[in-house]
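Reading through the structure tokens given below for one structure.
Residue numbering begins at 1 within each chain, and the chains themselves are lettered A, B, C and D in the order written.
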């Protein structure tokens, strides 16, 4: 195995916890059961590394196989680095009929036409998502496997999620995607985060939403905890109304684990009219950047709304995170409904 | 001495008590009469109200009958006080729409309720296949300033925005809801068929499928020579849960040209997949 | 607004201490807390008392909604629970005071402050709290809301005040007890000493 | 017993038995006093005055610190982020005996460090070098001089000739302390209430325990209170017209599960305009104030400045920041965190900032 392969494998072994590495090897059909048993994961990483190198050399596997292993590993724990969401726009009528094989061939051919040395690997994940690993080279240098770009695309949907893509490579990727999916444009979805599953579930609405309905909403049944007959909550309807509005705005039960939301405010100053009279009359915008952060942002907002820290109905700025599937907003004077003052 | 005076005082007190008790019940008598009179008046008022309601209902029934018959001749006897008949016509239309909604709810079409104080409405579309209720999808719409989809939990591979433009939702929502309900029910039907195939036909391997279940590739095995036949089903028309095209591929060319397999091809196109596969199994052309 | 309307307004939403007949050997306490957290533990502990049937009403703020006016028993003691680490908690309690009939301030109102030892509490807020309690001649109790013993000791003290306020203690009236326990502040509390 | 003359206008607190006792019990008396002082904050014993922040602050602009303080000391003070602690008055601390203190502390640290490791003695011996030094010009009229402590050390396995690295530094200061309080201290006590340290935690606790043993004082962590953070936000914004503060960053945390952290960063010019709009007498008096050497800032202006920011926030997000607590204030001039971490990046405003922090520390002093 050449030392570049060795460096690549070493980086993979070093970065992945033993258990995860074991699971990844399990999923990688190339290894026979015997070979897999032979690797002892309890030993320190260096020893594990040597055993793997021996197996690779024994089977004469090359860098290609190592990158395959790395891709499987990445697909299993993708919640690292920063994922950005894009949405493809104005689909041609056959956009919905794109089939995997067809997409695979077209994407590879288009991309290799645009960039001379590029290595593309496409795999289908258990949840029908298409994973694309791109190692970029250029006319002089071979594909750089140390900094691959990962792209996740769900066929028949306009959504694409990308990580570690630089601005130079972006136009090529966009071109290849458009040509092979039957869409004609692409736009930034203003949604990014560390947890791929979170931003995907938010954008593709894969979480429990609460809608107004005629019947007694399941929420109120859930938390009518049987309490002591002597204890009576006076404002229980207010509380349940707040909870209903909170869940309608931020989802019910397990919600996508978004961690940040950023608002760039460029609206006029909106203090209380009497104390800051001069400011409210001021012409220019009151520019400020507001960043919300929490281990589970939607849950935090939901509790703010249900506990009354945030007054309900929830501000359209906050509820548009789930409505529009975004977590980056530039709010200008017209962007804000006038009724907001 | 002290006892006598107290007795005096006590007896005086009891006397006063007797006097007040008697006076109170006399006052009682006229009060009783007034009370009864008021009750009577209230009852009369209630009766008149009920009478008026019956009258309105009768008019409504007549109007609804005439509306259903689309009789175009003018209802002469109705228009003596036009403002009143106008109101009645409005009430008739309202109750007509309400019945329509209940009907939709019953046949599993969709439910519509008013939200955010009349500024919005929420449509919930139920899906079902072969009598089994499947998922229900919701759609919250803003009525003001114009009809706009505010929030929904329709899966992303259903092209909601194209459907909205295509059926000109802003002008009239009924065709849009109908089209969307068709798409959702077809999708639910296809997904249900795939689920049933995986459950009932373990021997048949699903090689390829997608989230929209708009394409399906199955691996069939012919019993005798164990030759493999690759069956590809295309559901290009997404408002139907039956494939628009079915084709087979296999090394054994002439097997495919046999009449049985020709029949299988059309069988797959007009019967649900899980049923078609069972019949092919019973005929014995596949394992 | 004519005086008449005013009185209607005041009368309508005002909580009155003697508007209903008391029940036998029972006392009702109203816990008002904006955060609605500590009041739940307190309520569970309060109803555990066996000597007196204690009814607990929980509220986030006043006024109380009109529709359960009939079913609500006479309230013998109103307790404002204030989390000193939140400015909003104190402001919300202050805003609720105007919905209480003046009759309550004769020993039937008490303040319960939590997190007083937390260093993030600015001294100005603590002084505002003490001044508010002192100006209303109400007792100011401090409680530790994080630990079970804190909850129990707060419950004990509230029960004693409640029993007196409900008139279940023959020798003491609410007014007499509050004159002993009301919060007082040193005369020069306002005079800044770091000129 | 020492007769603690109280602040003006309040009753003199006479100790219970009035008999002079030796040194050991005196500090006990003092620390007992401090808890009594703390108790008075909770409204039980009405006799003691509860002290609090001054409601106005003079922003003295004339202090050009650069000439007075020696350059590399200043560079050190400006570079690091300091962890704050409060120190009760030091008993018999002499500014003249800094040399001997350096030696004593160096031996103390080496001894403590050596306990842990079985290393041959001479290599460890010279590995910790401590230097006490005076920082001239960093004190108010009747404050004690500021003391800077630096600990240099060579790494265990470093070669002999390698230069010693600065691994820990700390300072004790008193900036414009309340003259009445300082006056009320008996003569052998020196008050340097504000202690800043930057370096490994274990060295900080070693230095602190050395001070406790030798000068009979108590040292504890000093948070920067909510009000001080608001003061700093206003003071730093107030400097924008001279030194661009680049941004005014406020970090709030809201008590929900999981906790929500809000970073509210305001454009400097807009913050300056808002600050200008809340200044009292932004009309006529402002002109009069210009001639005065330092401008007076009032607590109400600070409050309405913060209130303006919060209501702007509320009008957009309908979220009330006052239900949470302010955790950090940062501008290009410096940053302050609630847990007691301060960074002063521009020497010109060091005096005002240290005055504010000294006040916070003095609040912890026993009466």
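In this section, contacts are C-beta pairs under 8 Å (C-beta built on N, C-alpha and C of every residue); 3 or more make two chains touch, one makes a residue touch a chain.
None of the values given here were measured: they were computed from a predicted structure.
Asks: If you tally contacting C-beta pairs, which comes out ahead, A-D or A-C? Let me know.
Replies: Of A-C and A-D, it is A-D that has more C-beta pairs in contact.
Asks: Determine the centre-to-centre distance between chain B and chain C, using the mean Cα coordinates as centres, and give it in whole Å.
Replies: Once rounded, the distance between the two centres reads 50 Å.
Asks: Please report how many Å separate the Cα centroid of chain B from that of chain D, as a whole number.
Replies: 68
Asks: Averaged over CA atoms, how far is the centre of chain A from the centre of chain D? Could you give it in whole Å?
Replies: So the centre of chain A lies 44 Å away from the centre of chain D.
Asks: Give me the residue numbers in chain A that touch at least two other chains, ranges are fine.
Replies: 307, 309
Asks: Where does chain C touch two or more other chains at once, residue-wise?
Replies: 35, 88, in rising order.
Asks: Which of the chains are touching one another, listed as pairs?
Replies: A-B, A-C, A-D, C-D
Asks: Write out the stretch or stretches of chain C touching chain A in their complex.
Replies: That would be residues 30, 34-36, 43-44, 47, 53-60, 64-65, 68, 72, 88 of chain C.
Asks: Which residues of chain A touch chain B in the complex?
Replies: Going by the criterion above, the answer is residues 91, 96-97, 99-100, 128, 154-159, 203-205, 209, 211-214, 322-323.
Asks: Touching chain D in the complex: which residues of chain C?
Replies: 35, 85-89, 91, 116, 119-124, 126-127, 130, 140, 142, 183-186, 188-189, 191-195
Asks: Quick one: which bits of chain A touch chain D in the complex? Just the residue numbers, please.
Replies: Contact set of chain A toward chain D: 263, 265, 267, 269-272, 275-276, 278-279, 282, 284-297, 299-301, 303-304, 307, 309-311, 314-315, 317-318, 331, 336, 340-341.
Asks: Given the complex with chain C, which residues does chain A contribute to the contact?
Replies: Interface residues on chain A, with respect to chain C: 228, 230-235, 237-239, 307-309.
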